[in-house]
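Here chain A shows up in two complexes: once beside chain B, once beside chain C.
Moving on, here comes the complex of A and B:
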């Protein structure tokens, strides 16, 4: 049962920002609704107003531009899994998107909504961190760029200000030697653990390693300590160090014991997935 | 064209004009009305079922502009200007769709509760990919749950329909 709310349908970012500023916590941005409506139907949250942003122009495209891939916040998971630009430039993101929930959720749900809802068991935030993505937040008085690792604050909490709207996700276009992978594991509807790795392979040397973990704890995290351990090493040396890097990443995941697994179990799985993800891109 | 009953004016109403199984349909909805409730309770098409209510099971699957959606979690106003197909619209002029024929021929259902969703989801699959591998079929259909058949006969039914549809195309 969905309680009554009023629908606002602004056509510009400025109008959205103004509505958010005016109505504060009693209003919420609505795009695909795949997560928001579930929580509202359960009665966990309720709003007097939903602000449908799907009438905004220009937020539903994927475009490449000067070494940056720009993904409009309204792009659905379906659009991303079928985007020829992403298939060419970011196959790891395409693979992730192909495996988000099911075909109906991918049809309706948007990447922007997924990130802003900040459900702990969501996939995209973790990989976007490893890909070095930034989020563009806009409001009436201007726009700013937020690094992916600064975007997620806690479960269901982002660093967006009350009157800001996420409009775009920017990912640096990877060079030819840049590789990345995202692996997840779970036995319920949503993953228990997700691990993303990106690196550059120069000959046999592993450089510019980025590692992120998600789903296990309240929010996705970059794991700088594990990145430093592996960066600059030869492929073989890095592989030998993977158990140590996995243990660091497991701790960094801030795993909690819940229905998706016990803390020590999730920490272990982080290590397993890190090893598999790393091997899949260096071999 | 038919006009469904108008809701009382104590809340915001949104006029929704859309195609339902090929025919123009106009209905005034409140923002919080769900597509599944409008289709089942106000328009009388009860093929789509409410089951999990969280977009996991696929029993409420409808096609909107040919793509599967969970009607249990779709706001009704979202179909403004769009084309909606329910299971009641799959057979044409009294002739069953090849998928429906194949489900009968190959025993692709038992209790029938999941069947409307199975048929519409598999129609969407075959419309975009007329020759799926079994793996592609399983990946596309994994969000439609069946508690009777064990899936084997559903997969056989869809594969048989795909073959038949390719043959007649």
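Moving on, here comes the complex of A and C:
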């Protein structure tokens, strides 16, 4: 049962930041509530105050601007899977969003909430890393940009400061030769492993490769070592190197043995998904 | 969950042994442990264990019972506690062994950690990782404290 709490309804980001700073650990930002309220109903977390940000203006839109796609933190998964701009520019993100949980969760849950809750088995953070996304964090005294790979610190932990609010996710608008894919595998409610790949295909050469792995370990990770291995190679050579890149990515995933699979199993699946994701975008 | 750790301390075994029974100094090395009290000297102690994973915080009022004690060599203890707020329990079976090696004392310990109740919803992997981190920090803190006394 949900215990009593006070609901704050600020009207600006500055007000949210001020409330977060004033009430510290006893308050939490509330957006879609699909993760937070479940944990609170279970009694796993208790807050004296929830800060409802759903009424804040300007945080619920997707827009393209000067080579950047700006996604408001309050955009729901459903909004993202049906966005015509994203369908045109970031089909891999649309596909990912179509497969987040179920439509009831997608209708209420926000991308910002998903990222800030930092549940280890969440999908979006992994792909956003490969897409080169940055997170915009705002507080009373200003705003800063956090690279997606620096955003996730650990399971359920982000690099947001106590009085910061995630307001926007920025993704560089991909050029015509830029391709990306996210694949996941799991047999329980949440995925065991997720792998994202983004690259530019210049003729038959693979460039600017970005690889990220998630769900297997405590937080999503960029795998620079595997990226370097594949970047600048011909398609065929890169394909030959995929088992090696997969092994590197598997180790980098910091896979944990749990009900979703043993460590070595997850590491193996990382390699399989990397190969499939890579082949799906270069073939 | 079973954990095995070993820490090599540049200090005589007598000093390490004495440190283990100095409850205030010992507990200061256990991350998240506070309010340590001696209930019965050498046999029973109490403390509160506070740990967190992101926003999830647990507070276990804990009883520590010494089950076996072999001077300078071996301790077997059990710690157990419950957080009624979130409906979770924990139990730690601890086996500590001390031996001398060159001019060092090697402390090895085996900890069997069980977490039961709602906290398990966080997932076995996350809890195991957290417990492993706590034990590593504890081992490092013991080493730093004792070697800092030189």
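Convention: the second predicted complex is superposed on the first by the 283 of 283 C-alpha atoms of A that agree within 3 Å, B and C clash if a C-alpha of one lies under 4 Å from a C-alpha of the other, contacts with A are read in each partner's own complex, and residues count from 1 in each chain.
Following the convention adopted for this analysis, a residue touches a chain if its C-beta (ideal position, glycine included) is under 8 Å from a C-beta of that chain, and two chains touch if they have at least 3 such contacts.
None of these values were measured; they are calculated from a predicted model.
Annotation: superposed three-chain arrangement on chain A; chain B versus chain C shows no clash, the two fitting side by side.
Panel annotation: after superposition on the shared chain A, the angle at the CA centre of chain A between chain B and chain C (CA centres) reads 100 degrees, nearest 10.
In the superposed model, A:37 makes contact with chain B only, not with chain C.
In the superposed model, A:28 makes contact with chain C only, not with chain B. When both complexes are overlaid on chain A, the residue A:77 reaches neither chain B nor chain C.
Of the two partner chains, neither chain B nor chain C is touched by A:235. By the document's definition of touching, of the two partners only chain B reaches A:4; chain C does not. By the touch criterion defined above, A:101 lies against chain B but remains apart from chain C after alignment on the C-alpha atoms of chain A. For the three-chain overlay built from the shared chain A, the minimum Cα spacing from chain B to chain C equals 12 Å. Residues common to the contacts of chain A with chain B and with chain C across the two structures: none.
Against chain C, in their complex, chain A makes its touches with residues 28, 39, 42-46, 118, 120, 154-157, 218, 256-260. Note for the complex: chain A touches chain B at residues 2-7, 33-34, 37-38, 41, 50, 78, 98, 101-105, 107-108, 189. Within the complex, the chain B residues that touch chain A are 11-12, 14, 30-34, 53-56, 58, 61, 67-70, 73-75, 77, 121, 124, 139-140, 142-143. Looking at the complex, you find that chain C touches chain A at residues 53-57, 85-87, 118-119, 121-126, 128-129.
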